[in-house]
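Consider the two complexes below, in which subunit A is the common component and subunit B and subunit C are the respective partners.
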Partner chain A sequence: MAVSVPSLDNLYQKPRSLWADALRRLSRNRAAMLGLLVVLFYVLLAIFAPLIARKNPVEQTSGNSLRPPVWVTDNPKRMPNPENLFGTDTNGRDILSRLIYGVRVSLIVGLVPQLIIVTVGITIGLISGFAGGWLDNLLMRITEIVAAFPDLLFIITLTVAFRETTFGKAFNGLLLIFTALAAVGWTGMARLVRGQVLSLKEKEFIEAARALGIPIPTILFRHILPNTMAPIIVAISFSIPGLILAEAILTFLGVGMRPSVDPTNGLPTSLGQMMSDGFSNLSSGPWMLLFPVVMISTLVLSFTFLGDGLRDALDPRDSG
Partner chain B sequence: MTSLPPRSGDGANLIEVQNLEMHFPVTRGIVFQRKVGTIKAVDGISFAIKKGETLGLVGESGCGKSTTGRAILQLYRPTAGSVIFEGQDLTQLKGDALRKMRRRVQMIFQDPYASLNPRMTVGDIIGEPIRVHRLREGRAVRERVEELLGLVGLNPAFANRYPHEFSGGQRQRIGIARALAVEPQFVVCDEPVSALDVSIQAQVVNLLEELQQKLGLTYLFIAHDLSVVKHISDRVAVMYLGKMVELSEGSKLYSMPLHPYTQALLSAVPIPDPKVELQRRRIILEGDVPSPLNPPSGCHFHTRCPIMIPKCKEEDPPFTDYGDGHFAACWRARESAELMPTVARKQAEMLAARISADIAKVKSKTG
Partner chain C sequence: MSAYIIRRILWQIPVLLIVGMMTFGIAKMTPGGPFDTEPDRRQLSPAVEKILRQKFGMDLPFWRQFTRYMFFDWVENPKTGEPEFQWGAIGGNFGPTYASRGNRTVQQELFEERSGKPSRFYYSARLGIQALIFAVVLGIPMGVLAALRQNTIIDYLILFLSTFFVSLSTLIVGFLLVIVFAVNLKWFTVIPDWKDPIRPWILPTIALGSTSLGFITRLTRSSVLEVKRQDYIRTAQAKGLADQIVVWRHILKNALLPVVTVLGPLAAGLITGTLYTEIIFQVPGMGNLLVEAIAKRDYSMITSGALIFVFFLGVANLLVDMAYGAIDPRISYK
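So, the complex of A and B:
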């Protein structure tokens, strides 16, 4: 019998998984790689903040307040302090050190609620899409109700209501923010996963798995879930900047993170808080607003570039 | 239904399908779903397949061929009827018993691009059912996978590759290897070659025949291509709008079709000979296939039948044996052969001869 063999060079090629292919496509995308680089840079900053920052971010030095960045020397009344590269704020705290710690908080705010969102979203999406029937109906109606809440208003209400409890005070109020963001953020993920499951469920390879007597949990976790990962990864990379901005907005409005004066606190301030401080001192120290804004913009933009690249690299076109 | 399932009588049937019905409810509404109708995809069909036999199942799109295959395998749970496989009614099996049973009956799918999980290697795709059913353990799984790949004519070294690195025909071979991994006795082939290039079709059909002889498999071969079906089938069944209209030995069905629908189908098969093509006259059916949501009364075919009589509108013709296991569901089956235009009859005979010659040619080439 004729043996079906592709060309010989194909035989000696390394097998390529779809993930490896996607990674190669991603590495060719300049914008995405730039985004990835910036994100990695900020992640390293966040992890090694105590080693990088030369000053303690909450340490106040009297007589050293509102110093401009070192290169701003046009005002003889207010000369920069060479020890404070990006200047100081109204309380004489080093802005560069505060920025480094602020990125730490922003990234944590991007990741922790995201983890909750992904877990809840995938669980509900998988159950809803795979089970179908009344359970799907029930779960999707709940999802729709939550999705219909005005997000920001709900989060503000939640944070205001629980602000004075021990729960609300944990980690300078960060725990409360995580919970509030996750509580309204999971609906998109649940719908995305459900939609993916619904379309995958009808694919012939799932039917084949059922015909072969593969147990349902195996079908869910080995056949369906890996095939939903691509859009989930893209959704995550687009949703992280949303969360970072949401925290900044909340803190800017004064219902987010609490300011900390404890020098041993690992999460003393956030970019949102620095923006809030900077905004109220816009005329006397515009750099106080400028630096956190630049920082948060580049962070958000980088995630968006990365997400765009991931979407192109993981395009479902070639998943067949 | 009054018709009895065609039985071979000698008890050699591997699978017996009795009055199988697969109705899908049509619902409307978001929170409260009202049932507004039923799609009768399969509406009471009965047949049996002997051990080692290939039954071809033909019909146009949407007539319920694939649904029949899936309902037999319990991928859809039939709304009524029974599927007796080795004395056991598959429709009554549930949970673990059903899962164990799935080992014995398998399916080969139409679309080689959609039927393999793109995120798994070929070795995992074929090895997973072996592990799940504990047919082999440990390293023996890998050996068995390589053996299966060899069996379907693929290089065993490809086990660590991903489906997208293969061509359509090669993927179909992987799908066949996966179905064979659980050592089934009965395989539903759901249009296994329809999505392939014609040059590849013959290879895959020959592979299926070879495997049947080697492993003693029984096939239900679903297709819409009459020449492919004729090539591989011992008997051929024709479906129209959820019902079986004719069932017979392949050669007889092609040379002397009893049902007007079968006659029309046969007249539409192109003959690769320009001289014959010039004289060819097709029986052209008027109108479209009626909706299975609201099928016509009486004989489902009466709206398009060229030899319809008033009785056809009122009564559903029984699926009756017209001699030697040639079943048909038509009130005028006895006379239809004479009513069939002579040109069409000649053509049917020519077609039958032509296909037999083709088969002989292909066999001598590949054999």
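So, the complex of A and C:
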């Protein structure tokens, strides 16, 4: 009787870390990989915008306004200009170049407020979850009130109020948008971290750390925080598209980014600004609206797919 | 249950107070007032300015202005000179608007009929309710269908569509609908005719309901998948029940509970979503008015609008909670 002898080599597997495992699972997820690819493409566009864009995004050419994209040749009165691949807007500005710079602003809006959201959220979540008692109660009540306010309305109120101040005008109004988005965005992160801390602090390894007399800040930052990283990363990847869309909505409502006409400005326009312009010229130049809509859709969907993939990769138990 | 509901209602009070205080305070900090509402920047005669200041109570200290706005105050009657009791926001009086130079109040603008046209509130409420019905009526069957045909092409299609709706927000879906159906196919006019009782409502309803539709579909799908795995479903199938009975009586009844819970958070999206849906489709509702107020820097309208939106949101959440308690006898509120 032949007995297959298990190969001993298989017993000595290289230890695999959580992150390496997650990376492996992520790389097998085709939708997530496609999302990652598109995001990387847009990030490169954003970084190298001045090199890639063939025209200056705010340069106005007279007599060249409202040109359709080069493949639209059915209107003999309005022929495309071969120099403007995606056509031009009402001021004769090149849409493709504006899109490239617009993606830059959208990505910045999606990422920069995250720094504030993560810092505030983690701080409050850690304190609230670990301290417990009246402090927890107080912090959670504050969180609840901020969360009770419909976020868009709160952001609008803030941006309306501070728009005309120096602060509101900094970086074409982007600084104010960052602050307003972060001012409402931290509540979800705080609740998430608090929940994680609450469940972690009952675990044996934390009990062991405390029994060993390790100081509380070390327990918090060396033992608890690293274990909350996975859900935090998933939460960030899901909130980026929300922020990008929020900027577009604010700008569409007239309280967002301020358009710049300065040719040296590195952040001259946003996709929201372009959609707003396009919407007011809907009948004369529908491509003005179509291109930024397609661009923001692909960007947002890519982040969503990437986020879905990250969640499945980092938390294999739940794949709802 | 009733104690829980009373506590939830009481909790709304500090929320509304703080929201009111924040928006009111921010509005007061910003420069401008009833005297320099754009686009009209004429100089006012001192007499008119005095009347306006009085009308808006601007010579009072801040806390008096706030309590007058929020609760009540005794206001001097200009004809008799006698102080008269006047309710504030809690009595449904939100005071005059800057844009009208104090001639019209916020509640008149929002809830009164305008020369034969229905009130702004009517348009927003109807749009919101239609969008919710659209999302529920379409979302639940789509979710059930996707779950019952798990890992087929139907499932993938529904899943992609709902992910698309959830992540793209009403704004982008609205733009896409306008580009495709109004500009390209010309099935609808870009400028709506509100005398028509159905046609102008179709696109805004779909746009506003799209996010909720995606959410409900995804949630129903995963909820049905969860229930399908339960032992009692296997028992029901093992004892020879027809598939349809198992789906209707056993799966759906249990799978739909979680769907009810998200209706509260979805109401928030529907309420703020009216802001830009109404702009895209030119619906003459409350959201449209509020955005106009933002453009005109009409702070009295912005403050009251925010407060009213938060109030409706609280009501919606409360209704959902009560519905949930009524549907599921296992839920006990403490």
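Assume the second predicted complex is superposed on the first by the 303 of 320 C-alpha atoms of A that agree within 3 Å, B and C clash if a C-alpha of one lies under 4 Å from a C-alpha of the other, contacts with A are read in each partner's own complex, and residues count from 1 in each chain.
Note that in this section a residue touches a chain if its C-beta (ideal position, glycine included) is under 8 Å from a C-beta of that chain, and two chains touch if they have at least 3 such contacts.
Remember, predicted model here, so these are calculated numbers, not experimental data.
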Touching partner for A:Glu204 - first (subunit B), second (subunit C), both, neither: first
Subunit B versus subunit C as contact partner of A:Pro76, first or second or both or neither: neither
Subunit B versus subunit C as contact partner of A:Pro217, first or second or both or neither: neither
Touching partner for A:Ser297 - first (subunit B), second (subunit C), both, neither: second
Partner chain(s) touched by A:Pro241 [first = subunit B, second = subunit C, both, neither]: second
Subunit B/subunit C common contact set on subunit A: 320
Subunit A partner contacts - residues on subunit C that touch it in the complex: 14-15, 18-19, 22-23, 26-27, 29-31, 163-164, 166-169, 171-172, 175-176, 178-179, 183-184, 190, 222, 268, 271-272, 275-276, 279-280, 291, 294-295, 297, 299, 302-303, 305-306, 309-310, 313-314
Contact set on subunit B toward subunit A in their complex: 31, 70, 73, 75, 98-103, 106-107, 109-111, 113-121, 128-129, 132-133, 153-155, 157, 160-162, 164-167, 169-170, 173, 175, 178-179, 181-182, 203, 206-207, 210, 366
Sites on subunit A touched by subunit B in the complex: 1-6, 10-11, 15-19, 137, 141, 203-205, 207-215, 218, 222-223, 226-227, 318-320
For the subunit A and subunit C complex, residues of the former touching the latter: 145, 148-154, 156-158, 160-162, 164, 241, 245, 248-249, 252-255, 275, 279, 282-283, 286, 289-290, 293, 296-297, 300-301, 303-304, 308, 320
